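Listed below are the structures to be examined.
The following pair of complexes shares a single chain, subunit A, combined with subunit B in the former and subunit C in the latter.
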Partner chain A sequence: MAVLVREHTTVHRGQGPTITRQRRRAFLVLALPAVVLYTIFFVGPTVASFWVSLHAWDGVTEMRWRGLDNFTLLFEDEVFLAAFRNTLAILLAGGVLVFLLSFALLLGMRAMTGRRFARSVIFFPNIIAPIVLSVLWGFLFSTDGLVNAALGGMGLDAPNWLGDHLFLVIFLGLIWTNTGFYVTILMASTDRIPRYFYEAAELDGAGPLQQFKHITMPLTWDVVTISAVIWTISSLKVFDFIYAFGGTSNDLPPIHTWNTAVFIYGQTFGGRVPAYSFGYASASAVITLVSVVVFVLLLRRVMRRDPIQF
Partner chain B sequence: MVVVNLAVLAWMLITSLREHREIFASPFAWPSFAWDNYAEAWRSADFGVAAANSLVLVATAAPAVVVVAAPAGYALGRSIGRAAASLTLYFALGIGVPVQVIVIPLFVLMERLSLVNNLFGLFLLYVTVSLPFTVFLLTGYFASLPAELEEAAAIDGASRLRTFWTIMLPLARSGLITALILNAIGLWNEAFLALVFVQSTDKQTLPLALLGFLAKQQYSGADYGVLFAGVTILVLPMLLLYVWLGRRIVEGMTLGTGK
Partner chain C sequence: MMRRSVSHRLPRTMVILSVVAVTVSACGIGGTENTRMGIPEPGAPISYWSMWEENEPQATVIKQAIAAFTKETGIQVKVEWQGRKVLQKLTPALRSGDVPDLVDQDGNSIRGAMVANGQHHDLSAVMSAQVPGEGKTVAEVGPGRYRDLIIDNAGKPFLVPYEALGYGIFYNGAKHPDLATKAPATWDDFVAMLDGRKAKLALDGDIGSYAALWTVHALGAELGSGKVRELATDKTGRAWSNPRLRPALARIEKLAKGGYFAPGSFGSKFPAMQEKWAAGQADFLLMGSWAPSETQKSAPQDFQYRALPFPGASAVQTAVIGFAVPKRAAHRAAAERFIVSFMKKERMQGLATVALNITTRPDIPAPEQLADIARQLNDKPVTPFYEGLDTLGTYPIEVFEPVHTEFLSGKITATEFVTRLGEKQAEFWKKNS
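Right, the complex of A and B next:
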């Protein structure tokens, strides 16, 4: 017995650290390729853009130190300010509309037959190239396109959408293409709420809106929060959809429709005569990144509530 | 909204089969089946070369992402400890970084490596920008697998690498396939990086070919029938994939938001 115990302890002492060491080595071997690639080609450039934003640089000649001048210049640049306003409009007003529309669709589709099919159709734009969506959307709103044909049919004036209201068209298009994603997420989480909650509420005389306010909202709050974070991030990434609207007229879309992503492209590689102002564009990249962080933190703060278990 | 989406889709397919004159003259009539539009798009807009490039890129980059991300996902999803937790966060933060933020230093880096206007360079970029999301997805997937099998393998004396290869990888097959499909879709549609890093026509991908075609139309006069044929070439593979694997795609893309 004593021998056995001693044997056991020695075995334990001998092997324990080797196993942990072995496990640690295995951990490293497995994770290393991804970590290396990600660090060199993703994290490195992210950090570098902060450094570049403090310089004047065309990518070829020597960098010249400018300190924070790029940033002060940006905030006096009408083009950038307009682009930043557009980005915020998409993020905030667009976000509110996307979520209102998603909830409306959710309520409308609750009792619908064939809702799975409906959901697949609404989700569909998410797997299509934004450029294609942009072409289709632009075509709908063209001077003799379907929207104007419909307006004309109702005896209304047909505005020159793509000429006079291009940003509005883009804005609505973004809402159209994105809503399906949020409907899908929210539908998955509302489907988890037991039916008898609603039955009980109905017996108590609660209407659909009251049920929505007192049952659906509180129980899906977590998912709503995460969806809002996803919207924040993805709305700042929008590029292709806006860019493609420049396709038939010029290399870049009209300046008043730019968001910060198009601004960065326009200041560097885009246009007929690329500007290659790497430092200046990096400053706006830094502002974009800071906005992501600020908005995500704010959202988490504002929307934090105690989770409800059910 | 359902009706609108279906209508737009049907309308796209029908328009792609029309003569140009017909589109505006009788927008709601049955098309004359101008299959020539497709041949025309294929020839005049270099869609042929672009389709081949896109196909090669997606067929190599999407599996490559999964090959790199799967071991990392396993290591992060199945280890407890501060290192694993902070590495998971390290990858997750990348999801919040828009590509346009990193594109400038990336361009300079790729230029020094002589990988600009080079399909291998684009391949490399596609793999890296897809990493954060894929690692995140697979970490979650591996973490959800039962621990018993892994413990049994450890008791039988299998090393961690061996456990990963022979036990966990086959178990995670469904998650890996989802990751593969999502990356294939994302990369097939990708335009921004291609726009910045590809300059010559013979290296462009399908979205670029479509953009180029749009730009060319202002000189040669617009032929919307041909334009829509081009659009359809880009969309149809995704549509077929969606009809075939719809549920898996939807669940994969919205994963990580539910509990």
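Right, the complex of A and C next:
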């Protein structure tokens, strides 16, 4: 490693300045359009959200300064706090379940015949529109739906899923739709691991769990880390699957199922007669954004390992 | 001298009185400032953002009206079929100033998106304009009847309605033929009728506003029009403890705990229950006048759509759909002229015959399946849909509906309902003060 670094430095000292300058110029030229677009469409609106969050604003008339009042109110607002709790439940409990299931499937499917077909089947819910899935979910979990018919057939009590446990139903739906995505990513990563590692481990008497612990996990750790970051960001943005439980296109789902993304929509454009409370909604968006950043930083710190080359 | 003086003053007084009389009569529904429409800018195209999709029957009717209007006046109308989210798309445009000249949506939505922020144009002049060839003003041919639903805080109309949506308790006339002549007049009659037939009510209880229809109607019938909104806007929430509410809430409590709602009403996903109703698995459905068009695919051939008025209600909950003009529209005069031309009977007729809706003109017969609702709209005073609670921002979804669905599904009593509602309402108004 040290030798490599030294060699690298030598090259730079010899003919470096010109090449470095050219590379730097090429980098600027190539990156500039993306940076400009990103600034206009992402950074600009994000900064604007911070500014709007300090005001009361209906989106049309002049903004009225409120300072940090929107944030103070949010932390006292039971609806927002419940939405934030749901968001955390999806992020943390959902994340644990998605990855446990993904690893279990990975383990089970590693040596399975027809694994590519099985992977496609598991991935399938990911490509169906959430609205379609929610309709299917409605059929499955209604009081006279398939799930209750099956439970009844086994002599078990049939709960009122959609009436009394709607968030749980949505939560399970999110796990179901997302697991396939992470199985696909992780499986692509494990496919790169040379088979002789496993063969050698088998000869040494290692069982599937030990192989998973000592070969699969270490050699796919960088992909697992990235997958965890993707889950963190996407779970905080879950919207359409929950929104699809709102009945008609005009109706919002019941508030006990809201996450922060639905909360933001509910305070702006959602509902039959929208509230157009852009200041308040921006404050909740700011809190969500800060949460994303904190969680991603924590996750990266916790999961930091030196990558293993093979 | 005296006589001369009188003789001089009389004609002047007469003239003033005549002018006032003409102005007042021209104002129609109370317009005072904007009583004359402007002269359309020659050759100026009107930009119209429609709430309809291009493949909907209403769009077909409107397209024909536009073609006829352009032929008459030479004014082009450029339509963008935006669909139901038209006002959500309008909001950023209102900020930028690059607004369409004409939009349409239901009155409460326009009130929230345009009137609350002062971005609407006073349409008094349109209401008092003569409908070409009919010898009556726009207000007089029908829309004036819905005045209370379409005026801003200053009493000026912000909307010219062309369709009316009324609420009723729908049933299959083929299954209950006697109800057409013997509708239950009081709540007790209604419950006795349900008991006598062992009839079930269908409700898609996952939609909080549909569930709320029962209680809001019952409270409106008990207290009178506009009173439910007063309860909801009480900042302390204590108004819900008023003993005057008890009879209405006791009735709903009996409905909730008496097993009147069909199985699945609080455990399925819209539109499962209204489909079951259409298929004959329940008897009654309290719903708006769109119920027939939404359910006709599930209904058998011989299904006869009939509707009872809500028992004991002196007014009918109504929503209207119509045209509005943004304050900063560039071609307001031309847009106003289009609205007036659309109000002609021949132009609006298609809304009933093609789109199967109730128009705001009582001289256009409603489609047969909505005849009962149309009769109510003509015979009774109108009161805003949902008693106007939906114009209170997130109040319905955050406060009323969650507590109410617990009440209607029998999980909590009437006393617990008013207590919880009062507490949540006080918190809500503290947050929104």
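Quick note on the criterion: the second predicted complex is superposed on the first by the 264 of 310 C-alpha atoms of A that agree within 3 Å, B and C clash if a C-alpha of one lies under 4 Å from a C-alpha of the other, contacts with A are read in each partner's own complex, and residues count from 1 in each chain.
Rule of thumb we're sticking to: a contact is a pair of C-beta atoms (placed from the backbone, for glycine too) under 8 Å apart; a residue touches a chain by one contact, two chains touch by 3 or more.
None of the values given here were measured: they were computed from a predicted structure.
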Next on the checklist: With both complexes superposed on chain A, which partner does A:Asn70 reach: first (subunit B), second (subunit C), both or neither?
Outcome noted: neither
Checklist entry - Is A:Phe269 in contact with subunit B, with subunit C, with both, or with neither (first, second, both, neither)? => result both
Next on the checklist: By the touch definition at the top of the document, which applies to A:Asn178: first (subunit B), second (subunit C), both, or neither?
Outcome noted: neither
Checklist entry - After lining up the shared chain so the two structures overlap, which partner does A:Val43 touch, if you call subunit B first and subunit C second: first, second, both or neither? => result first
Checklist outcome for this item: Between subunit B and subunit C, more residues of subunit A are touched by B
Next on the checklist: Applying the document's definition of touch, where does A:Gly163 land relative to subunit B and subunit C: first, second, both, or neither?
Outcome noted: second
Next on the checklist: Quick one: is A:Asp251 in contact with subunit B, with subunit C, with both, or with neither? Answer first, second, both or neither.
Outcome noted: both
Checklist entry - A:Thr87 contacts which: subunit B (first), subunit C (second), both, neither? => result neither
Checklist entry - Does subunit B (first) or subunit C (second) touch A:Gly59, or do both, or does neither? => result both
Checklist entry - Common interface residues of subunit A with subunit B and subunit C? => result 59, 135, 139, 144, 247-249, 251, 269
Next on the checklist: Going by the contact rule set out above, which residues of subunit A touch subunit C in the complex?
Outcome noted: 58-61, 73, 76-79, 134-135, 137-139, 142-144, 160-164, 166, 245-252, 254-256, 266-267, 269, 271-277
Item to check | Contact set on subunit B toward subunit A in their complex | outcome: 1-2, 4-6, 8-9, 11-12, 24, 27, 68-69, 71-72, 74-76, 79, 83-84, 87, 90-91, 94-109, 111, 124-125, 127-129, 131-132, 135, 159-161, 164, 185, 188-189, 191-192, 195-196, 206-207, 210-211, 214-215, 217-218, 222, 224, 227, 231, 234-235, 238, 241-242, 246, 249-250, 253-254, 257-259
Checklist outcome for this item: Within their complex, subunit C touches subunit A through residues 84-85, 87-88, 91-92, 94-95, 108-109, 111-113, 116-119, 204-210, 263-264, 266-270, 272, 390-391, 393-394, 396-398, 401-402, 405, 409, 427, 431
Item to check | In the complex, subunit A residues that touch subunit B | outcome: 22-23, 26-27, 29-31, 33-35, 37-38, 40-46, 48-49, 52, 59, 105, 118-132, 135-136, 139-140, 144, 146, 149, 176, 179, 181, 184-185, 188-189, 192, 222-223, 226-227, 230, 233, 236-237, 239-240, 243-244, 247-249, 251, 260-261, 264-265, 268-269, 278, 281-282, 285-286, 288-289, 292-293, 296
